[in-house]
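I've put the structures underneath this note.
Both complexes below contain chain A, partnered by chain B and then by chain C.
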Partner chain A sequence: MNKYLISKKIVTNDLSTFYSFLIGLSVGITIGSIILLVQGQNPIEVFSLMLRLSVGSIKSISSSLNKATPLILAGLGISIINSVKLWNIGAEGQIFMGGIALNFMYISYEISNSKLSIILLLLSAFIGGSICILLPAAAKVLFGVNEIITTLLFNYIIIGFTVYLVNGPWKDPNSLNFPAATYVGKEVYLPTIFGRLSYGFIICILCTAGVYYLKEKSVFGYELRISGGSALTAIYAGINAKQKAFIAMLIGGGLAGLAGGVELLSQTHRVSTGLSQGFGYTAIIVAAITGMRPLGIFLVGSLFGALTIGGTVIQTMGVSSYIADVIQATTLFGALISQFFFTYKIMKVSEDV
Partner chain B sequence: MNQIILEAKNISKSFGKTQALKNVDFYLNKAQIHGLLGENGAGKSSLMNILSGIYQPETGSIYIEGKKIKKLNPDLAARFGIGMVHQEFRLINNFSIKDNLTLSRSNIYRDNFEEAFEKYSDIFSLSAESKTLINELSVGEKQKIEIMKLIFNNNNIMLLDEPTAVLTPQETNQLKISLKKLSSEDNKTIVLITHKLKEIQEFTESIFVLKDGVMVAKDLKTQNVTKNDLVTLMMGEIKISKVRKDNVKGNNKLEVKNIFFENNHSNVPTLENISLTVQSGEVLGIAGVSGNGQVELANIISGIEREYKGKVIVNGKNISNQGVRARKNLNLSYIPENRLGVGLAPGVSIIDNSAVKDYFKSRLGPHLSSNKMLDYLNLLIKQFSIKAPDPKAEVSTLSGGNMQKLLMGRELISNPEVIIAAQPTRGLDVSAVEALHELIIKQRDKGAAVMLVSEDLDELFKLSDRIIVLYEGQIVREFKIDEADIESVGLAMAGSIE
Partner chain C sequence: MFDIQLMGLLNATLQAATLLFIAALGELITEKSGILNLGVEGMISVGAVSGFMVAVNTGNLFLSVLIGIFSAALFSSLHAFVTVILKQDQTVSGLILTILGLSLSALMGKKYVGKKLPVKIESLIDIDEPSNIYEVLISQNYIFYLAIFLMVATSFILKKTMFGRRLEAVGEDSRAADSMGLNVNKTQFIATCVGGGFSGLAGVYLTLSYVPYWTDNMTSGRGWIALALVIFGGWKPYRTAIGAVLFGFLEALVPRLQTYGFELSPYLVKITPYAITIIILVVLTIYKGGRTGAPNNIGIPFFRENR
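And then the complex of A and B:
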């Protein structure tokens, strides 16, 4: 009787995640093309236009990178939390909470020095994200409550809270009944480096480097890896696994909160339900495709930012912007499947064990 | 004459390269209680799994009431009335007792459940009501429900795999009375798997002994055999390849004083008044069947388990209140029994696993340099001849022997003062065992105090200077190696002390 057994490959390929991303991307583009063909569009024409409008000029490149910034920051947060094999599905809520905490600081305290003010506001956005994940994190380490469910549900709570704020206490009287908070003052806008590219992107680069150090080079990151591998090994090694997981979750939530803060100060300039356009969810895709590698998150996040910008502008051709979403989702699908074949092999065994 | 209800002839079964059963004959007399005795890994569970249709043997045939059964599967076995209680309970925790008992379609007490439940509650002296949920029951009560389940499913042949392992002495006694009633009043044929001699003598009428997959004794009448006979049969002749033990012994390096420890997960008190010392250059063997408190003792000494009473002293320093890291800093190494899961983290790379012992020390830090970690791993690979093709691959891709070498190398490379090694060679092939034994002896000669926990008497006699026997959380005997013999250690391990 022949049986098939799935087993881990003994030698891993360092670039396997990269290859599987490329395979996934080609799957995404192929499926996107088929959909375009069915709609009677010429895929080559559509894609070349998307390419031109997303990376064809300084102006479009900077728009793409601005779009990428929240994806990358939230993705980095997800990646830190995943070091202990936990999933943060709540980045979307944490982004909003970051914006809310920032706005709360802005209207509560007045700081004359605008640079200091920006730093403090971003810090409060970070803390806002951490507060948003505090309860799921505590429930996880104290009672073992599944963090996937709790972080996901917190999205709905926070978005509901946002709706309340922008329709109630924070509603801008000059917004012609549009539910949004009052704009923040121009003095706290994040300045631009060139074109439209905001300093948020610099923060993004710094955070990528920081998360890379934390995950790969620091003792803390090592402790997270061991705790994620086996809680018993962590105890055996003298690591307080629960404490490390808790801290990792607060940092991860904070990074998503920071994403919301950067987005507010550089793009929307006010709290509204449009502060995040699903960045927290797309960030999960970005993090998963890259196998949680910080540098990968930076690159794929940038690409996805460009895709989103490209998707928005091709609407003028009568093509739905959802084509960008389709490509993102099918890329993840293809990449995850090919990652499986890079890490496992299927063996034929003749005897049943 | 006894009527033979089930017979298995010439059964062989192998798993991969290891042969679990070699041409085994086995039979059961109707309405008797049989004991199946054997060390861990002797093939007891494999044989029971074949009789209940879970495994298919490679050779041999099974006859039930004289009829040859071609291919026994679990469904067929159940129809012929063969039922098994596994070591891990297979009850549905959030169902009531009644639901669990009547779950199977072969249940025979559908209409008169209450009546039958009352009758068997009486036999098992179970006080719980039938609507009680399983998760509200104690371990002993769950065990009773497991056995009752067999009765309700009309299983006349009941295979019980180590039923007493989780029971207190009182509960064990109670189980004995219940089983005797079942065999005499209900005509149940019962097989009791155990390695406790006292139980096998008290419970059973007939004894079978398995040794390394071979049935070395068949249908011995219990009243005619002595404990010594059984120990010899179970353990076999042990060829003791002794190592030199004339090295210099020094000061007491490890002292354990009056340790009391209660295990929260079971009602059996796990450690009672344990005191021992190990000198520099000495190997102290801890013998005992697993589950008699060895893991708990090792965890207490290494600092993993903190909720205990008593003292742990290393090199004259009382470390009873210190954590794992402080003890590591005193150069105490612990090689845990569970190599993958405790000693090594599965799903984490080989290189990360190689640094578990002292990742927090300055040698690798303050920033964990992958080059330094790699150098360290390569040193381990070279010094302990580990075969690890890719440092970044997950540790679970290594073979068992290489995993253990990595683990032991990591723990021993710093020439520790005190070494706690639990089952260091279990499941490994001869050459790996030899290599690992050499490592332990080398450390002993360098002046380490070694506490070796093992179930393998061959290993204990080979390496130890003294042997202590743990039974149900107590030190029941202590032997100097020259005065120890296999028989008396074996008897003590099985809970029988003259």
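And then the complex of A and C:
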């Protein structure tokens, strides 16, 4: 009888993550097509429409990149936290908290200089995101409380808090059908570069570069990797692993909060339950699929932004926008499966030996 | 009057606890084998929608429960394949199982939103307003008694049968289990699918009795609370049941607070079960120190040649 054993390949292809992403994407699109066929739609028609409406013109490309901005920012945050081998499932709540903190600053303080006030507002969004992850982070480093569950449960708390705010203290009396806070003033809107593309995307590029530097080139990033790798190594190297993990979590949460702030100032212009449409969850897929690489997060985030825009517009055809989520999730599953064949070799061994 | 209110609270507690407990028990079995499946939320959702669809189309209750369980088990086999056979990261795979489960069930159930159920899982004995504990206990839903049976059975199987001992051996030290001649992959694969089936049952209970209708994202974080429950219960069925009753009590109590005369915002009240879950989790972890009772090998893929 033959048995199969698997072992890690000694040499792995550097581009394997990229190849497995491509394979995963084709799996995702195939599954998406099957679902469309089952629902009585023509997949080619739907996908070409999605393509046209997401990247077919300057206007649609800029919409896609705007949509990508929160995905990339939150994904970068997740990747920083993952350098210490921890997970942040709470990006969704942190995005909302960023928006809430921003709006709180906006109504509390009046700053006449609009440029300065935009910067301060975005800073408060960042801090809002950090505050949102403060308790899970402290509980993790001090007592070892599972951060996956605590960050996730915070999503429900923050979204519940958002519902409370927009129905109660912050309710805009003019918004009758859809409970939402009052709009922020036009003077703090993030301006556009061209088409509909907001300056938020510039922030996104800067953050990608910053996170790349922080993770790959800086001493801090090195310390994070050591802290996440082995507790003993960290002690020998004189690194306070818990402190590094704590800081990484605050930065990661802050980036998700910043995503919420940028989204508010460039897209929704007010706090409502529509501030994030599952960006925090999609960001997890984006970060995981790229193996937590900042540049990869930027590229895949942009693509998924386009996919989300495409998913939104095909709703007019009677196709559920959940199809975009399904494609994204199955893409990651496909990538995970193909990643196996890049990192492992299968050996056939005889049992009789 | 007060008695009826109190019994109503107890009734609601048990109903909420049933769902949480079944899902948590399934996850407990999976985790005992050393596989962490964070996809509980997604699996419940898949079980819930497929059971609901079958019930609406056929009106056959037994078939809907069966299909609900089976489809969630099948869905969880995706996680089993990726993590057990292909040794990929369990956290990533489980998270995506949740996202995929929620979106897939929303797609599948799109035409079923707002549909009326022709059948519903019945109670053992129908009592409109139970007035004492005995009446509450005998007027529960069939699934409640099934959950109690599963609790006793799981505890027995884990402690007293070969399968249970093997499961534990694999979860505690897969290499030792392997050299003893146990098939680690097979055990973990089965445990993952059984866990999925339990989540499916929880899902069917959700749509065919507890709520009962279908809408997107109706699991509303219960799968995650179930995951917290496994930690709370220290990977022991009976303790997990106590936890489930406690969490079920929170879920039942919160919407009643206002009728008891507390002046609270209904929106803020809704978030308290999640907040209390976090607090309990933190307090419990501090109290137990490092000794949580988690299987030794949880989350670590098993490689045969790593000897």
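Remarks
In the analysis below, the second predicted complex is superposed on the first by the 338 of 353 C-alpha atoms of A that agree within 3 Å, B and C clash if a C-alpha of one lies under 4 Å from a C-alpha of the other, contacts with A are read in each partner's own complex, and residues count from 1 in each chain.
Convention: contacts are C-beta pairs under 8 Å (C-beta built on N, C-alpha and C of every residue); 3 or more make two chains touch, one makes a residue touch a chain.
As the structure is a computational prediction, the values presented were derived from the model and not from experiment.
Overlaying the two complexes via chain A leaves chain B and chain C side by side, clear of any clash. For chain A, the partner touching the most residues, choosing from chain B and chain C, is C. Within the superposed three-chain model, A:157 lies in touch with chain C and out of touch with chain B [touch as defined at top].
By the touch criterion defined above, A:148 lies against chain C but remains apart from chain B after alignment on the C-alpha atoms of chain A.
By the touch criterion defined above, A:185 lies against neither chain B nor chain C after alignment on the C-alpha atoms of chain A. By the touch criterion defined above, A:274 lies against neither chain B nor chain C after alignment on the C-alpha atoms of chain A. Judged by the touch definition given at the top, the superposed model places A:6 against chain C, while chain B stays out of reach.
In the superposition on chain A, contact of A:329 is made with chain C only, not with chain B.
Shared-chain residue A:238: touches chain B; no touch with chain C. Taking the two complexes aligned on chain A, the least Cα distance separating chain B from chain C is 6 Å. Residues 8 of chain A contact both chain B in one complex and chain C in the other. Every residue of chain B that touches chain A in the complex is listed here, in rising order: 15-16, 56, 302-304, 323-325, 328, 334, 336, 338, 341-348, 352, 355-357, 359-360, 365-370, 389-390, 392-394, 396-397.
Note for the complex: chain C touches chain A at residues 38, 78, 81-82, 86-89, 91-93, 95-96, 99-100, 102-104, 106-107, 110, 216, 220-221, 224-225, 227-228, 231, 265, 267-268, 270-271, 274-275, 277-278, 281-282, 285-286, 290, 303-305. Chain A makes touch with chain B in their complex at residues 8-12, 14, 85, 213, 216-219, 221-223, 225-226, 228-230, 232-238, 351-353.
Across the complex, chain C is touched by residues 5-8, 35, 87, 89, 135-136, 139, 143-146, 148-150, 152-157, 160-161, 163-164, 167-168, 281-282, 284-285, 288, 320, 322-323, 325-326, 328-330, 332-333, 336-337, 339-340, 344 of chain A.
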